[in-house]
Amino acid sequence: MSNKIVNWFKYASPQSFYPVAGKMIPWFWVLAAIFGVTGLWISFFVAPTDATQGEGYRIIFIHVPAAWMSMFIYVVMATWAGLGLALNTRLSGMMAQALAPTGAIMAFLSLWTGAFWGKPMWGAWWVWDARLTSALILFFLYIGFIALQAAIDDARRADKAGAILALVGVVNVPIIYFSVKWWNTLHQGASVSINKAPAMATTMLWGMLIMALAFWMYSIAVALTRVRAIILEREAHTEWVKELSEVKQ
Amino acid sequence: MLSATSLSCVRGERHLFDGLDLAVGPGEWLHVQGENGAGKTSLLRILSSLSPPAAGEILWRGQPIKTLGEDYRREMLFLGHHGAVKEELTPLENLTLAAQLDGTSLSEADAMKALARFGLRGREDLPVRFLSAGQKRRVLLARLAVRQATLWILDEPFTALDVKAVDMLSGLIVEHVTGGGIAILTSHQSILLPNGKVLVL
Amino acid sequence: MLSATSLSCVRGERHLFDGLDLAVGPGEWLHVQGENGAGKTSLLRILSSLSPPAAGEILWRGQPIKTLGEDYRREMLFLGHHGAVKEELTPLENLTLAAQLDGTSLSEADAMKALARFGLRGREDLPVRFLSAGQKRRVLLARLAVRQATLWILDEPFTALDVKAVDMLSGLIVEHVTGGGIAILTSHQSILLPNGKVLVL
Amino acid sequence: MSAVFAIIRRDLLLAMRRKSEVLTALFFFIIVVSLFPLGIGPEPALLRKIAPGILWVAALLATMLGLARLFAPDHADGTLEQMVLSPTPLGLLIAGKIAAHWITTGLPLVLLAPVLGIQFDLDSGAQGILVVSLLLGTPLLSLIGAIGAALTLGLRGGGVLLSLLVLPLYVPTLIFGAGAVEAYISGTGAGGHLSLLAALLVLGGFFAPWATTAALRIALE
Amino acid sequence: MSAVFAIIRRDLLLAMRRKSEVLTALFFFIIVVSLFPLGIGPEPALLRKIAPGILWVAALLATMLGLARLFAPDHADGTLEQMVLSPTPLGLLIAGKIAAHWITTGLPLVLLAPVLGIQFDLDSGAQGILVVSLLLGTPLLSLIGAIGAALTLGLRGGGVLLSLLVLPLYVPTLIFGAGAVEAYISGTGAGGHLSLLAALLVLGGFFAPWATTAALRIALE
Amino acid sequence: MNWGSPAEFFAMGGYGLYVWGSFGVCALLMIAEPILVGKRRTSILRSLRRERIAETLDTQ
């Protein structure tokens, strides 16, 4: 038991995490590529044309994974942030900081692909639908987190302040989601809303799931690469960084 | 009795000090000296528990101040570079409100007496923003006279004061120390008071 | 040659001074002394044309500074309580931008030299808000070394400086004055420099 | 406890001393509300329809404007350091400051809202709901805002960063607040919205002072 | 003249150094615009109708928020004193500061407005008019705002007092700006509104720096 | 297989703009992000190496 805790803390130090992450990154890239290629192949060549939406529906294969990842990454980020506040480990803050830009990109992609889907399907780039609106707010939360950390020069302070914001945000995300949903259904104003996926063909479902896996692997790979850069930046003046082979050469 | 063992302070990548030990007992005062940027202000902020040290521990009456918390803060008074004085309020209001924040209360007569002692008679009701640089500092220092605290931590208390005020403040410090209090202060001028220790950063 | 005749200054209902005359010629410097609140800062702001006197006139080379306007300001340098130093910028940027505002330009090498002279070597690229109280003042004072002005008006220039920096600044003032410049300054400490006049408020 | 009242009294005194502060938050509210008819045009039916939304958005912006000054002056002159070092628990002092902020900015808005409602031709029932929704909502705005104010304390460009952090968190308050009035007007009853608002207020009252305190400690380190 | 460019360069440098400043003004704009549908409801027809008004009011508020920081930091750290004492005429320096303010806050709004127009389903012609009206209007907002910023400099509660002074002066800009887009949508042609806006801009360009300079001198006395 | 010819593939049944607009931006971001992260890494590594060299020069 105690052995396990020791192990855990060992990997929670940037020094020992750095090489481990370095070894894992290529694998995640490989997995991302495999799932990506398979997913794309299914999306374009296996999945049949949709009865109502024609070929336009193929956007779903990136739209839904991006939307999922944007929500999932926020939760993971807040978890790391909470761990950082509770256990005062340096690595946690770095992880949260490394995840935020990727999460923001995913949120942006869900908005962008959604808009490019909405235009042909609804005739408008944007409607004030509940899901769209809450996705937009999630994007703002990411931007707020990134802007706050960018505005603080002291890394430790940035970590802690970001952690508080992320935790406050994670409490608020469900509240925001349900309030927006309720707002929209009460008004019943929107002439259109996202119709539940039309009895999705199993190939479509598979394509979507595999693409989601690809997005997942991609996110992990990028976040790990970024966290390694952050570790180097923050630990620049420690002995172990100076002893790294990539620094010595 | 305040003591610290192997304190260190890091700002950016600069180690301001490492392995610093100090101990000041009742009836003693400590003069922290050093060049500009040596880390005096940083040390005082650490000792007052405003910022945590990079390493090391600070003990008050033998117990770490981190665990003491409020009990330490109740016995300690920190006056920094900033005035902690509201420009819109008068010296009198500043003084009474500061006392209330500390959880004590201060009668108007006592407050007036403290202000008069610091040469602010006739300015009790003038908003602080009209006061001169030195008069603003005096309002701040009047808190020393009214707040009961065992440990004083003062960052450059003599700044902007004229000769008379410097004497007055020195007198106050001597009184505090001989009464069993402790004072830690920084100053670029030399201070001739009894029972002083010097720490050079 | 700066002279003033029967200046007076009123703040609120308080007459800080009335009928004040002064004259400082090339190669001389004036030490304005007085208790806290005597009106030193107010006088310096009047002399620098920042605020108008309640009565009286100020002449520069025999002409009233009000009509001289820019011509006076070009020959004069005023450094007040405030830093006029941007906390977000580095000392180097602060110095070069201040020079550009004055309509002159300053090479990076010269700026580095001035900063090094004031003991800021190695801090040229650190945003000013990370500097200590004394280091901030030094950035401000480095302007003295780079700006060509005949008349220096300095409000408490020695504040927050350590002994070494005080010597350095004194040296700079002596150099300026012996070169035919004029300096007017306030300080609560006595200053031992040649050719000084004293004005007690 | 007396320290809490002392801090409320002090903040109110400061607000009075700065005279303009309370009044101008109010005037900001009035002017923003009045800008819309100018920007949108004078059709009464259209204006009545958008009135709850506009009044609520204006109230939200007016509260938000004062937020940057919630802790900044105390930070600049060192009072905040003294508060951290005070023997009274910081959380209590912060709660006092938030209360004072609401009294000086939220409460006046609540009192003034009915007058502005008249400009938009709201009936007295809708006015009542508007006041109740603001009475429940504005303290929540102060509570949430305090977290943002503490997080951005002392940062360059803090004012705008603050709104970036805080506005997304204001969304539920806005939706339930404006929603209550609209629901009343459309005849579905405002009860649900108002009780959700009250629930959020209780939640905020518990957590916001705590989060604010933590953020302030970090800002001062 | 080189001092003017120096000051523009300096202010842009400061804006970059504070990193978030430019971006957050933009995001404030986006978020405020997004708040209105949340307060008013999602009906596309209604939203399309009020879109020009909302976009313009939000642009106006976004410009206004940054105004308090136009002179205040320079005042607090004594730079403004040095500018007054500088041999370069103060009016030129002030014009430089106003230009920098527009570049950092007004220009990004102009560039972003079309994206937000999409959210309200404006067609491309209306978008064009919106951009042109903002291009003429936002410099005017900076110019007028500078006068207000100078007048309230160093006053307690200045931020809110500032909006009180400035917002009424912004009314003509708002009416012509939002009016231009509405006129286009309703088919009456935006030419008249836009040329009035241009005339106001020329007028403002002449008088505002002068008035600002006078106000600054008074504030510093 | 859904497509008779490459042209058909790129037309996406008339939805080409939207489908490729989505997939294109997605691909763009997912290529740009790793490149930017890589740049960040190489720049910090470069400055670390430079510091190392400066240090060895100092000690000599």
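Think of it as A, B, C, D, E and F in the order they're written, each chain with its own count starting at 1.
The rule is short, and it goes like this: a contact is a pair of C-beta atoms (placed from the backbone, for glycine too) under 8 Å apart; a residue touches a chain by one contact, two chains touch by 3 or more.
Owing to the predicted nature of the structure, the values given are computational and were not obtained by experimental measurement.
Novice: Which contact partners do chain C and chain E have in common?
Specialist: none
Novice: Hop distance check: chain B to chain C, minimum number of steps through touching chains?
Specialist: Counted as steps through touching chains, the separation is 1.
Novice: Which two chains meet at the most C-beta pairs?
Specialist: D-E
Novice: From chain E, which chain is the farthest off, judged by mean CA positions?
Specialist: Centre of mass proxy via C-alpha means gives B as farthest from chain E.
Novice: Using mean CA coordinates as chain centres, what's the gap between chain A and chain F in Å?
Specialist: 17
Novice: If you average the CA atoms of chain A and of chain B, how far apart do the two points sit, in angstrom?
Specialist: Here chain A and chain B have centroids separated by 49 Å.
Novice: Could you state the distance in Å from the CA-based centre of chain C to that of chain D?
Specialist: From the centre of chain C to the centre of chain D is 45 Å.
Novice: Return the distance between the CA-based centres of chain E and chain F, expressed in whole Å.
Specialist: So the centroids are 36 Å from each other.
Novice: Please output the residue numbers of chain C that touch at least 2 other chains, ranges allowed.
Specialist: Residues 81, 88, 127.
Novice: Return the residues of chain A touching two or more other chains; collapse runs of consecutive numbers into ranges.
Specialist: In chain A, the residues touching two or more other chains are 140, 143, 147, 151, 180, 183, 187, 236.
Novice: Would you pick out the residues of chain F that each touch at least 2 other chains?
Specialist: Correct list: empty.
Novice: What are the touching chain pairs in this one?
Specialist: Going through each pair of chains, those in contact are A-D, A-E, A-F, B-C, B-D, C-E, D-E.
Novice: Chain C touches which residues of chain B in the complex?
Specialist: The touching residues are 11-12, 34-41, 81, 119, 123, 126, 130-135, 137-138, 156, 159-166, 188-189.
Novice: Hey, which residues of chain A end up touching chain D in the complex?
Specialist: 137, 140-141, 143-144, 147-148, 151-152, 156-157, 160-161, 164-165, 167-169, 171-172, 175-176, 179-180, 182-183, 186-187
Novice: Residue numbers of chain C touching chain E in their complex, please.
Specialist: Touch list, chain C to chain E: 48-52, 70, 73-74, 76, 78, 80-89, 93, 97-98, 100-103, 105, 127.
Novice: Please give the residue numbers of chain D that touch chain B in the complex, ascending.
Specialist: Against chain B, the touching part of chain D is residues 2-3, 6-7, 9-10, 13-14, 17-18, 73, 76-79, 81-89, 93, 220-221.
Novice: Given the complex with chain A, which residues does chain E contribute to the contact?
Specialist: 18-20, 23-24, 27, 30-31, 34, 37-38, 41-44, 46-47, 118-119, 121
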